[in-house]
Amino acid sequence: MSVKNEAVDVSPKLETSIAGIRFQNPVMNASGTFGNSGEYSQVINLKDLGAIVTKGVSMVPWEGNGTPRVAETPSGMMNAIGLQNPGVEAFLDRDLPVLRGFGTKIIVNICGHSIEEYEAVSERLSEIEGIDMLEVNVSCPNVKEGGIAFGTDPGKLSLVTRSIRKRTKKPIILKLSPNVTSIADMARAAESEGADAVSLINTFTAMKIDIRQRKFFLANGTGGLSGPAIHPIAVRMVYEAAHAVKLPIIGMGGIASGADAIEMMMAGASAVAVGMMQFSRPSILIDVKNQIRDFLIDEGIGDIREIIGIL
Amino acid sequence: MFYGQMEIVSSESIRKNIQLMVLAPLESKMEGAVKEAGPGQFAMLHSPDDSRLLPRPISIYDITKEGFLAFIFALKGEGTRRLSELMPGSRLYVTAPLGNGFPLEEAKEKKRITVIGGGLGVPPMYFLSKALINSGSCSAEVPKKNLDIVLGYRSESELILEKEFEGLKSPDSLPDKEENGTQFFLHFASDDGSFGSKGNVLDLIRYKGIESDIIFACGPKPMLRGIQAVAQEKGIPAYLSLEERMACGVGACLGCVVKTRSVNEHSLVKNVRVCKDGPVFLSSEVEL
Amino acid sequence: MSVKNEAVDVSPKLETSIAGIRFQNPVMNASGTFGNSGEYSQVINLKDLGAIVTKGVSMVPWEGNGTPRVAETPSGMMNAIGLQNPGVEAFLDRDLPVLRGFGTKIIVNICGHSIEEYEAVSERLSEIEGIDMLEVNVSCPNVKEGGIAFGTDPGKLSLVTRSIRKRTKKPIILKLSPNVTSIADMARAAESEGADAVSLINTFTAMKIDIRQRKFFLANGTGGLSGPAIHPIAVRMVYEAAHAVKLPIIGMGGIASGADAIEMMMAGASAVAVGMMQFSRPSILIDVKNQIRDFLIDEGIGDIREIIGIL
Amino acid sequence: MFYGQMEIVSSESIRKNIQLMVLAPLESKMEGAVKEAGPGQFAMLHSPDDSRLLPRPISIYDITKEGFLAFIFALKGEGTRRLSELMPGSRLYVTAPLGNGFPLEEAKEKKRITVIGGGLGVPPMYFLSKALINSGSCSAEVPKKNLDIVLGYRSESELILEKEFEGLKSPDSLPDKEENGTQFFLHFASDDGSFGSKGNVLDLIRYKGIESDIIFACGPKPMLRGIQAVAQEKGIPAYLSLEERMACGVGACLGCVVKTRSVNEHSLVKNVRVCKDGPVFLSSEVEL
């Protein structure tokens, strides 16, 4: 074997796959933190991402919640955007062509106020070229109907999974809420109704009070807590889900470094998404990808898939 | 928009809980950030404190002769307090420039320009005033113009930048007035009358009979609402710089929206993003 | 009215009461972070606390888990002590007399591996003088049996509440786990079976992985996450519990300042406990008490009880 | 035990990832902390970083002539790295002194004392050696004694404090040897033989035939296990300073226990607390 070949061997394989879709590396953004029009393309090269995950797309435009919509918390943040979005047609006309231009996989996050809206969006997107997967948001704590109502009851989660499964040929990822007693039960509900993958965790329902003004800090009252603060809970839930179902898992929740990402993958995730830290460090997705590579080199691991779920 | 490291050249308290911080580019791309930055734009200062992870949006107060970005900000909470404690020589990640900034080109054809700053809205109006005086505000059709700068404070104890604005008059900081063609007048108001006219900026404008063809303003919401009403009444454009709690600063998260009067063509709902569509909006477009 | 009287009026009343027990102020330690023998008495004057809450006391000595038992996390920590304790007899012989010497209220936290052990401890403590209340730990995520098994199922929580209620005349506080879909349901279960109060939140089940060694960081695998990181979730849960039951609430979860304590009380807590931050700042209990007082003075509030549950 | 503010007098890297930090009392109670501190005790350094909330237990390396506490610690993670970045003049909350420390009185009646430090276990042994040499180690019955100090490192590149230990010989740092009655010998070992004898400290002790009536040691667990075995074999007391992950440092949280061979009279189980019952334990009591 020549020296040249050995040098090639040193560069570890980062490719991972979920439900038959191959990702050049396991690092993607979490829905909602990255815009839909390449907002961060001036900071990082989006073609280097494993995938781009869109903001939540509904059938019609959603206005979202009042402001303030965001608040800082210790090592984290709360948000209550309320899934503001211009609706699926504007997404297809305007955003999708831009996103496709970056040349990596596209996962479209979909949301609905009712089973019917979930069904309509998934049907609308079912035949669209350039969309690799759908991620179903059944866990947004900031919309009154739909969202978390479906994500904290295994029966309702089964129902929404089944309904969407019938309407689309795309692989579907169910995005799970951490606001539950048993994440394993939720993952099983998704699996039993034909989901291709689960992603977790979405945000924790949380509250901040402006004590001087004696009112909620966020206009919505509650908001979703995310960031490094809750990373250790996310790792535990990924571990529990991985031991409950055979589905591939996209792990997320406060990832701030390659080490955090590796932790998620050792707990059972086949890929990872970075959310809140995008705001803190706009280059984070590429930083995490490079740190994963460096860790693998350091440890003499040739293929990222070797470490998935080793715990 | 650039994201990179800058170095704190100086950081000082210019008044109780008000910090002046000057940042120099450390990476060449950040020289690009300085070059692109215009009045009314802002930067995200990324704190090195790992417990306070959201960057702080701070409007650009000035670009120094050395090509450094200068910021003035209030210590409103722990995040800004920690930023203020960083020593000169420390490094900081910065995203800049962000937002649309004030539309200088809209002033080109206007004879009577009014710049209004209230309280912590004063610093960005310094950068704007300098730009209006130095360049970009003249055209063949309007060779001579008046610039009224109206600054309001709660009281003398909360004055900021009054000397710097006075300094705009000094000949070494701007080209010859005649050649430039812009004559400017500086007015001060304070709620308690301890400095300048007693009352708010709108009282002063009414009292002095200042007439405008265009208004640029930054300050507290009640002041902006008053200007919005005046602009509507007189049928003149008023460009207002708004504030909202932000997370990303680049238009990605939709954290910092304000309501619009009609459906916005980008959002398809009655919301615009302060960070990306703003922070400067035509007063007739937004609900305040 | 004389000037002197007005000056007296300026000092706000901090007294609060729970189930008929009056506390000179609403600030106590959270169980397990403060020792049982006045470990912090060289730093603060323990008589100034609203109450002292003991570590978990079981019928017989418990050995607890292996080490490492603690880990730092962003703005928080994980622990998996496993309720090591020398048992109720040693507690009564050795610790209680010391604690009583500090001259404030005493709340004894009790734990069990089975309903029978809970019953036995509560019966043993029922007639003991100098114990003001019992706090029932049904939410420790770090013991295999008992603990969280009772704290995440409303039916089991009802059962343990009912069993203990029969064995003791002391007022009982049920300490609730946040690892549930509905904290309101848990609070209702406690209320319906005769609990006198609930305290919340205990820690979140979490996990940290040593990626170099490819093993769990804590010997126990999982541990309980606490600290400012999870404070916003705790506030939300206190708010939800306060709107679900009439029981008084002791609010806890990442309190690091008087402002955090006020937030908890506005959300519905009648008293607050400080846990993890005790390690970070040994003077914190007194700091929080003083900051509460200063806030009330600033805002011209004469009595702390005015702000309880105003949201 | 005292909790209060101290000021960083100096902080420097004495080797890659090894920091020497000297703290001066800012409050008078912290002078009490310095006064009470003995060899083998430690302090909790409370970082001002709000994302890293657990204090770091650091053993006391020395008390300086000025009455300052000196610490040497490794930058093992972000927490210690942040501590190392604090500038002289910064303030820091400290809880000290903590733990039982080495029982100097046990050395009083012993003729042959062996002090063993391995790697990062070397610093506290400096404080101990100084104390053993300067005082407290003599009595009427044992007027003359031998002190063997054995320091082990991985290699020359990881040496620390070898000069300071050599300095213990210099007459200005200790009273006259004859008067004091303790003669001491310094031995170095390194795993790769790059400094001192090749091998570990136990190899050196065996090779040089060093005999002990009592051993004090601090270092990595395999070294301590070796010493435990030797002490058991020879029937001599060995006092070992142990490490565990800690949270409170004062015996409250029970985070840092180690297993004991028999039921402990305080815990009533086979656990003792490193922070409060230790960090120094008789080797015959604990499971390593």
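Each chain carries a letter (A, B, C and D) given by its place in the written order, and its residues are counted from 1.
Criterion: contacts are C-beta pairs under 8 Å (C-beta built on N, C-alpha and C of every residue); 3 or more make two chains touch, one makes a residue touch a chain.
A quick note: this is a predicted structure, and the numbers were derived from the prediction, not measured.
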item: For chain A and chain D, chains touching each; value: B, C
item: Result of counting contacting C-beta pairs for C-D and B-C, higher pair; value: C-D
item: Distance between chain centroids, defined by C-alpha means - chain B, chain C (Å); value: 48
item: Chain centre separation in whole Å, for chain C relative to chain A (CA means); value: 35
item: Mean-CA-position distance for chain D and chain B (Å); value: 58
item: For chain A, residues that touch 2 or more chains besides their own; value: 74-76, 227-228
item: Chain B residues counted as touching two or more neighbouring chains; value: 50-52
item: Chain contact graph, described as a line, ring, star, complete graph or other shape; value: complete
item: Complex interface listing, chain B residues touching chain A; value: 1-3, 46, 50-55, 79, 93, 95, 244-258, 266-271, 276
item: Residues on chain A engaged by chain B in the complex (per definition of touch); value: 32-35, 37, 39-40, 42-43, 55, 61-64, 67-72, 74-77, 79, 81, 84, 86-87, 90, 227-228, 276-283
item: Partner chain A, residues of chain C touching it in the complex; value: 73-76, 78, 152-153, 179-181, 204-209, 211-212, 214-216, 222-223, 225, 227-233, 235-236, 239, 254, 256, 259, 262-263, 266-267, 295, 299, 307, 310-311
item: Partner chain B, residues of chain C touching it in the complex; value: 74-75, 228
item: In the complex with chain C, residue positions of chain B that touch it; value: 50-51
